[in-house]
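Attaching a single structure in structure tokens format; questions to follow.
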Amino acid sequence: MRILVTNDDGIFAEGLWALVKGLKSIAQVIVIAPIREQSAVGTAVTLSQPLRVQKVPLIVPGVETYSVEGTPSDCVILALEKLVKSQVDLVVSGINHGLNLGDDVLISGTVSAALQGYLRGFPALAISVAAVDSLYLDSAAKLATLLAEKIDSGVLSSNILLNINLPDLPLAKIRGAQVTQLASKSHINTVEEGNDGRRQYYWLVRQKTDRVADNQTDIWAVERGNISITPLHTSLLNRSAPAIPDNLCSHLLQGLRQQ
Amino acid sequence: MRILVTNDDGIFAEGLWALVKGLKSIAQVIVIAPIREQSAVGTAVTLSQPLRVQKVPLIVPGVETYSVEGTPSDCVILALEKLVKSQVDLVVSGINHGLNLGDDVLISGTVSAALQGYLRGFPALAISVAAVDSLYLDSAAKLATLLAEKIDSGVLSSNILLNINLPDLPLAKIRGAQVTQLASKSHINTVEEGNDGRRQYYWLVRQKTDRVADNQTDIWAVERGNISITPLHTSLLNRSAPAIPDNLCSHLLQGLRQQ
Amino acid sequence: MRILVTNDDGIFAEGLWALVKGLKSIAQVIVIAPIREQSAVGTAVTLSQPLRVQKVPLIVPGVETYSVEGTPSDCVILALEKLVKSQVDLVVSGINHGLNLGDDVLISGTVSAALQGYLRGFPALAISVAAVDSLYLDSAAKLATLLAEKIDSGVLSSNILLNINLPDLPLAKIRGAQVTQLASKSHINTVEEGNDGRRQYYWLVRQKTDRVADNQTDIWAVERGNISITPLHTSLLNRSAPAIPDNLCSHLLQGLRQQ
Amino acid sequence: MRILVTNDDGIFAEGLWALVKGLKSIAQVIVIAPIREQSAVGTAVTLSQPLRVQKVPLIVPGVETYSVEGTPSDCVILALEKLVKSQVDLVVSGINHGLNLGDDVLISGTVSAALQGYLRGFPALAISVAAVDSLYLDSAAKLATLLAEKIDSGVLSSNILLNINLPDLPLAKIRGAQVTQLASKSHINTVEEGNDGRRQYYWLVRQKTDRVADNQTDIWAVERGNISITPLHTSLLNRSAPAIPDNLCSHLLQGLRQQ
């Protein structure tokens, strides 16, 4: 199995390398990630400028690594159309430092990178953890590995785009895993004013809403200590796709808790 | 009626000002638009840097105008959260020089700006014409004006996000108007390699697919010479919203052809 | 006479247009300026990306205007090598909102734009006023006009790069004008730490030094209420160039005070 | 001895790490370099945006490494004012892939980084090799090491800013080393026009002039197969500084050829 890995926190992010180390145990991994942090860059694709790519000295032995001066979507397009072409079986984006839930997935670089994989016909996973300085990156990496195996073995259809979010809990305290729907807005933007000594500026800040999430949504699930798995191909794109097997979640949990 | 106008082609784009001149006949218009062209910037929101805003010398008399060093989404967030607050009845984004159809709306700055309005509870229109150097900007502006009036009068619900695309035809040759669904991908990206004399680069290029569009989709409609009106609140966000009145399209066409 | 005007505060800056209005009385003026504020961008030239140019709707009637998504140096190179070619008699950069004195001229976009003109064989002026919200832009514009006339008539050699700074005083209170040398550093940088709620950042801030400036330097002159005229072709580039006529300063003052 | 190393080719450049490996044999080295290639960014300092700094996983064991989303000058200012403060004995910028000669040093990020060190009172070296894919980075690194030792031992004054350029020759073929003056312009810019399928663009390109360089200038020296050492504190800033010892060049050559 060959897996393309990218993220939106940039090539030096801890979550990226935790993910790579996990996936490396079951597949050949290639990393093509943005050189700079790209949070909230959403679906942006760079059309008006050329892109620069650098081969990066190996950070994890055996894992070919490239950095791109561009967005997460640029990375996936460049990989699938040029650098590794179609010799890939799966696209995984993450592990994002911070949740990507509800309508907010629309501005998530992590999800957008996975979306570019899905729109090109590849199964794609976006994976995020709750805490910016998460202690549980390994669980998330393990979960990505289990899902990759299920896609590889055909248990899970390859015509999927899954958005996965883990609560900030040790494995033992995670209550369960759920297939969920996208909630609506989880954050609002407020605007702070400042002055740099020469000119006024405005800074957009995201703040959690106190809105109560509907049952069975991704926000609702994570708030209750569950892993949320949202099939975005139906939730976001309103597109039919093979169903998720009923026992997926219990199998995943079981797999996570093994060993 | 008070209308916030923005776009993704930037503050000097012809389409923006054609739209402003149209809407000005029925409403107070305020323009807050990106200072630079922002095509394909999609849903990007600028969180990691402060934003700079400049009051721009009036380009159309009586129309307060600001430029933002940011994305189309930044413009709408900044407007609605800070600069004009909620004293707005409608958000209109465009007139984009080039169509925004199918899955490609996900990377459209024009649509993303309207989406930010809709997510904040405002009715929102994204409007695009087929040709980059369109001769028919006035028809598009007139159409936006007619829709604004229908929202203002309550004929059309204010809980909507509409994506409107016009074929490159004079009014007399437009066959009709249709409420449509989002098609899937209309463009693919190819990657061109180059060298600037010092370093290699890659340039993403968008090319039309030759895929046949499904009936009743936006691409299908425009290819047949129709105006396409896609309710994105249902097509993209899978969200229920008040239905579009049955006779909307015939009324719009009639309105367009008057005078 | 044909004059190329640029600046580093960007196409909408008040100082730029005060300068244009002044020079327009004696010459044909063409404006090619950055679309965004570019202070402290220094000598930067954009080689790794293409540049975009837009014809801007006329801001001052009769004055052809272009905006460039690039640095002040980019603007001058693009103008002299492509857009207006060598059909120019003088390059004027400014009026900068804030002084450009001492070693700090090395990071000044205003001065760097003039430098690019000089290095290509054109006489070049950089002109700055003390206050960011100066009330005396007209005096500065008048001074630029007088210098342009002296270059046009051959009183002043065309092989010059002059850096001109005006104190924040009404014309009646200006004590004199002086040919000066470059002082050393007038500002230091301090670094402020901050956090945007997600990540730490550092922000460079410039602060005036309390160093006492040497006699006959530009800082010394302006502090005493004088207009400072620094021949940068000798001060910065250590290059011989025709001398400044002895009576230049008195003639300029006389000219400024007329009418 | 403690040495701050930076460059303008970015944190992954081969020249940077060749230099680090050389200097590490005689000093404690800290690397603070731009995350992206920054050629021709000249003296630019980032004042209008905050800067982001990342601790980079060690690339050379024992060498603390930071990447900055900013210019070479930003890196040095940030280092000396905040990250390492004044606990530095020398600033070295390079090894640049490509020569920095004549007036062109004014747009060199490599030289500008060294300049920021010098203006803050530190001895500073900028070092460049002729070929973009140089085979002789080790000679350049050795030369930097020899100069650092001479500064450390007081043989060379610490009040200096030296710009060093090496021809593209193996050590055995290098004819000598010379203290030189800055030549005038070595490159001109031409402008290429292009079109990305949507919009026209201009691309600045640098081309060598065929101008004959004056004797004793940096260009003249390198063209003749010599290492050029230009004291920029006098050539560029017209500032007096302790003289370079007469026998410096012969000592350096001897040192280079040893071992």
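The first chain written gets the first letter, and so on, giving A, B, C and D; residue counts start at 1 in each chain.
To be clear about the criterion, a residue touches a chain if its C-beta (ideal position, glycine included) is under 8 Å from a C-beta of that chain, and two chains touch if they have at least 3 such contacts.
What you see is a predicted model; the values in this text were computed from it and never measured.
Contact with subunit A and subunit C alike is made by B, D. Compared with subunit A, the chain whose C-alpha mean position is the greatest distance off is C.
Rounded to whole angstrom, the centroid-to-centroid distance between subunit C and subunit D, based on C-alpha atoms, equals 28 Å. Mean C-alpha positions place subunit B and subunit D at a centre distance of 49 Å. Subunit B and subunit C have CA centres that are 40 Å apart. Along subunit B, residues 37, 39, 47-50, 52, 196, 198-199, 203, 205-206 each make contact with two or more other chains. If you check the complex, the residues on subunit D that touch subunit A are 10, 12, 35-37, 47-48, 52, 54, 56-57, 59, 67, 69, 196, 198-199. Interface residues of subunit C, counted against subunit D in their complex, comprise 37, 39-53, 71, 73-74, 77-78, 81-82, 103, 106-107, 112, 115, 119, 182, 184-185, 189-191, 193-194, 196, 199-206, 234-239.
Those residues of subunit D whose C-beta lies close enough to touch subunit B in the complex are 37, 39, 48-50, 52, 98, 132, 196-199, 203, 205-206.
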